[in-house]
Amino acid sequence: MAASAIDDVDLVLRTMAKTIVDNAVYFAELDSVVGDGDFGYSLRNGFEVVVSDYDTFDRSSVGAVLKKVGFVLSGKVGGVSGPIWGTAFLRASQAAGDKTELTGADVIAILRAAVAGIMHRGGASLGEKTLLDALVPAIDTLEAELARPEAVQDHGSAALQEAADVAVRAAEGTKPMLAMRGRAAYTGERSIGSVDAGATAVGVILQSISAAWREKYE
Amino acid sequence: MKKFVNDPRQFVPEMLEGIYLASDGRLKYEPKYNLIYRADMPQANKVSIIQGSGSGHEPAHTMIVGKGMLDAACPGDVFAGPPVEFVYETTKLLNSPKGVLHLVNNYTGDRLAFEQGREMCEADGIKVETLLVNDDVAVKDSTWTVGRRGVAGNFFVIKAVGAASEKGASLEELVRIGNDVIANVRTLGIALSSCTPPVKGSPLFEIADDEMEVGIGIHGEPGRQRTKLVSATEIVDIFLNAVVPDLPFKSGDEVALMINGLGGTTIGELYLLYGIAHKKLAAQGIKVFRSYVNEYCTSLEMAGASLTLLKVNEEIKGLLNEPAEVSIRVF
Amino acid sequence: MKKFVNDPRQFVPEMLEGIYLASDGRLKYEPKYNLIYRADMPQANKVSIIQGSGSGHEPAHTMIVGKGMLDAACPGDVFAGPPVEFVYETTKLLNSPKGVLHLVNNYTGDRLAFEQGREMCEADGIKVETLLVNDDVAVKDSTWTVGRRGVAGNFFVIKAVGAASEKGASLEELVRIGNDVIANVRTLGIALSSCTPPVKGSPLFEIADDEMEVGIGIHGEPGRQRTKLVSATEIVDIFLNAVVPDLPFKSGDEVALMINGLGGTTIGELYLLYGIAHKKLAAQGIKVFRSYVNEYCTSLEMAGASLTLLKVNEEIKGLLNEPAEVSIRVF
Amino acid sequence: MAASAIDDVDLVLRTMAKTIVDNAVYFAELDSVVGDGDFGYSLRNGFEVVVSDYDTFDRSSVGAVLKKVGFVLSGKVGGVSGPIWGTAFLRASQAAGDKTELTGADVIAILRAAVAGIMHRGGASLGEKTLLDALVPAIDTLEAELARPEAVQDHGSAALQEAADVAVRAAEGTKPMLAMRGRAAYTGERSIGSVDAGATAVGVILQSISAAWREKYE
């Protein structure tokens, strides 16, 4: 991944938002196995505004647009997801600041800030069957892959695809975990045996972003 | 889905508009934040009491906004806590020099929205305190880091602090009273059927014709165990065997006894359960000071009931007996 | 059958015992006649107001026995009017020098029991008058010799005569007031699901997932027609198009507007219907004086709702606004 | 049917009561097609007391025992059935008076009095889809058959069987009728096409009584 401009951020955010809107029913179904079945719908309430109003957002800097998304989520998304995703975007925005170009290292720093925000807000650690269990290994992979020289040539396409694949596998890996957070936590032992909705969503979103990225850069 | 509904995503706003229109000027409605609030609030000499939580538990909590109960409610979608912004804007709008009390049921979503909302309000110089309701004995504290859920016992917290604040109690007194109620209230719920959130359009879970879910959560979360449906008397035993030893409630105690319908169960059955529970408690030397048999905190149209016991002292008894004015009319 | 019940044949008595135990001495219970009555009645200076009817419509009518409402209720089994003896013994027990008022919903079973019961009481020298409630517009007077059914509008008759009798009205005045309410109240019900009487143990009728029954009777009797389930707004149109022209209610009229739940429908949906109806009435120049959104007259756990309009004058408005004390607690 | 004593009345009442208790579910099912499904259960509430307490009833005369049954029904049976059946027995009791022996003509007079009571109380006429539509033709048949000389020899067994058969056919004949009485009346046109519960019950009860009678006298 070479230096990226705002229009790369646009691509990522638009793709992410559209993927969430399109998969709302699927995500909600996942959440209804041991959760309360609202995960996809809650996120959709926010991301459909991102889809429809994206053109009106202040995109003078990466920080500005991430902040705007964070505000939209805080205003529209309920349940655990609102504060978790809202905080993630606000922290990411702070990390991005007024940058208009991002290096690979910038991207990783922004993602790490988002993760720190999620952990701060929700108090979850790895292994507690949350979206962190897909997001964190995916970021680890992205960081390692971007460090390889090939990443410059393909604009990070392969690295992103590898990260997305890791997210999908990691989401699958939440199956045997005992849910410790969110509504699913109340089910205790019964939460074992089904994937976490949030982690699965991270895999689906990253796959979409990776596909869009490859279309642009390959 | 067998519901009276137009666009399912407009279910909550259309319901709230109905509450507003039915209130004859006693309530105001701010659609931007799903906000129902008393037309005569905020007041300089009264703490404002606010609850968020998800929708789908009606009459809790939008329909018990009124004098002596909640001053405002800003629910999220069905079974989802409100967005942070709702909490922030509601608190700002209801801000009083005496402070604002946030009543939060202990679910991660609700907690996070109210924590973040409170941080934002405090940055604006608003005085906020929070009460965390967690009366559900189905969930054991020790096992999960998220703690117990808040369920029907929430009603008693609202009633007590609502009555006290009408009489001019300070924010600190309300926190003390509310925590006293929370420390003495315990609930268990049992579901006989599932329920269908309008946007989802299909039941949250499957349950066989001869089964019941003991310890159900009010969002359809699974409970302690799935067992065969048994007789009303045996069900009351399950309720009491879970609730009574938990506090524990003891011989000589006076209690408020609530049989709360989860939505789809007839009030006739609730009174039937009440009668059995009343007699069994009496046999244990536990005296009912005041009875509550109705729907207080539902899970949409779920068939089922919960039993709540609140141990009362003279102060709580006085507060429970105070008048209130809410939307719902019995006569 | 997913119910909280022991022996289904003991459902009604066990429910009644629960009502009695929950009343904290305000009510008395006579199991021989399914009789729930005010502990402070009869009184020499107050007409006694009695209703029979079937069980299964709770809170109507056993749970609205209390000061300012009914003085006694002696229901039969689920969906069956009371035996004659219940009417006779109840009337004797509640006999007052000012007389006894029988409130009868217009069903043959109820009518016959109360007619025969009244004959027996009059032979004993008791002064009895009868009001026949028949507000259901689903049934056309002309077509059947049995006349219209009494449904949720019954509540307003009880409220009006209950309030007036508290203020000392004579039996004749109560008859006038009650008939005035009856002449001005109209209801239509729509069912989305069936219901299961405990003794029967299976649903009274079948209804497909995409169907509704327009004009349902409160005992599961079929209505005007079976149609496809439509949106809440279209359903309100069906309600209003049946109810408004029937009296007719006209621009400039003031009304009480009741959205009554049939048992299995959430109060959230009822408020949603209320909001739509309130706005549509306002558009026709009909002003809601007072709103009633709750379960008043149910058909066990049937999903569905009814809409009732009562045209009010100054006298009726005053009576509706009077206080009352019933078993059911909202707070 | 020759002169009958109290023990014939005992046989009839016991058989009738037992038949109603045994068929409560069936009768209620019939009532749930267009009625409200309580007919059999309502009647059972009264007749099970007749079954269990019959031995304690005052049987010093036919009128006495019929009156007692009428009182039990008025005390226990709700819905239309309580007043209708209660009145039928009370009127029958008045017609029987203090007789202890009944001629065929007495029996017919008693049954006619019951029918008059039902019509007085419920206001129904023939053809309105009620139990009258089975009961009246059965009584007519019984009267005609008892007038035949053979009826003396077999103690009226054949006459009774013929009356019971007519009741069953007449009950079947209520199918095309429009219900004008009871809760079924509210269904209007929809009541056409199914038999009336009360009329069908009359057929079933008369068949049982006839069978018990033949067992005793054939």
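Labels for the chains are A, B, C and D, by order of writing; each one numbers its residues from 1.
Throughout what follows, contacts are C-beta pairs under 8 Å (C-beta built on N, C-alpha and C of every residue); 3 or more make two chains touch, one makes a residue touch a chain.
Predicted model only: the values in this text are computed from it and were never measured.
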| item | value |
| --- | --- |
| Approximate Å spacing (C-alpha centroids) for the pair chain B, chain C | 29 |
| Chain centre separation (chain C, chain D; CA means) in Å | 33 |
| Chain A and chain D: spacing of chain centres that average the CA atoms, whole Å | 77 |
| Where chain A and chain C are represented by their mean Cα positions, the distance between them in whole Å | 55 |
| In chain A, residues with contacts to at least two other chains | none |
| Where chain C touches two or more other chains at once, by residue number | none |
| Topology of the chain contact graph, where touching chains are joined (line, ring, star, complete, other) | line |
| Touching chain combinations (by label order) | A-B, B-C, C-D |
| Chain B contact footprint on chain C (complex, rising order) | 2-6, 11, 14-24, 55-56, 58-59, 63-64, 68-69, 159, 192-193, 209, 229, 231-233, 235, 263-276, 278-279, 288, 290-295, 298, 300-301, 303, 305, 324, 326-331 |
| Touch list for chain B against partner chain A, complex | 54, 76-86, 107-109, 112-113, 115-116, 138-139, 143-146, 149, 197, 199-200, 204-205, 217, 219-222 |
| Residues of chain A touching chain B in the complex | 28, 32, 34-38, 41-42, 45-46, 71, 73-84, 86-87, 121-123, 180-188, 190 |
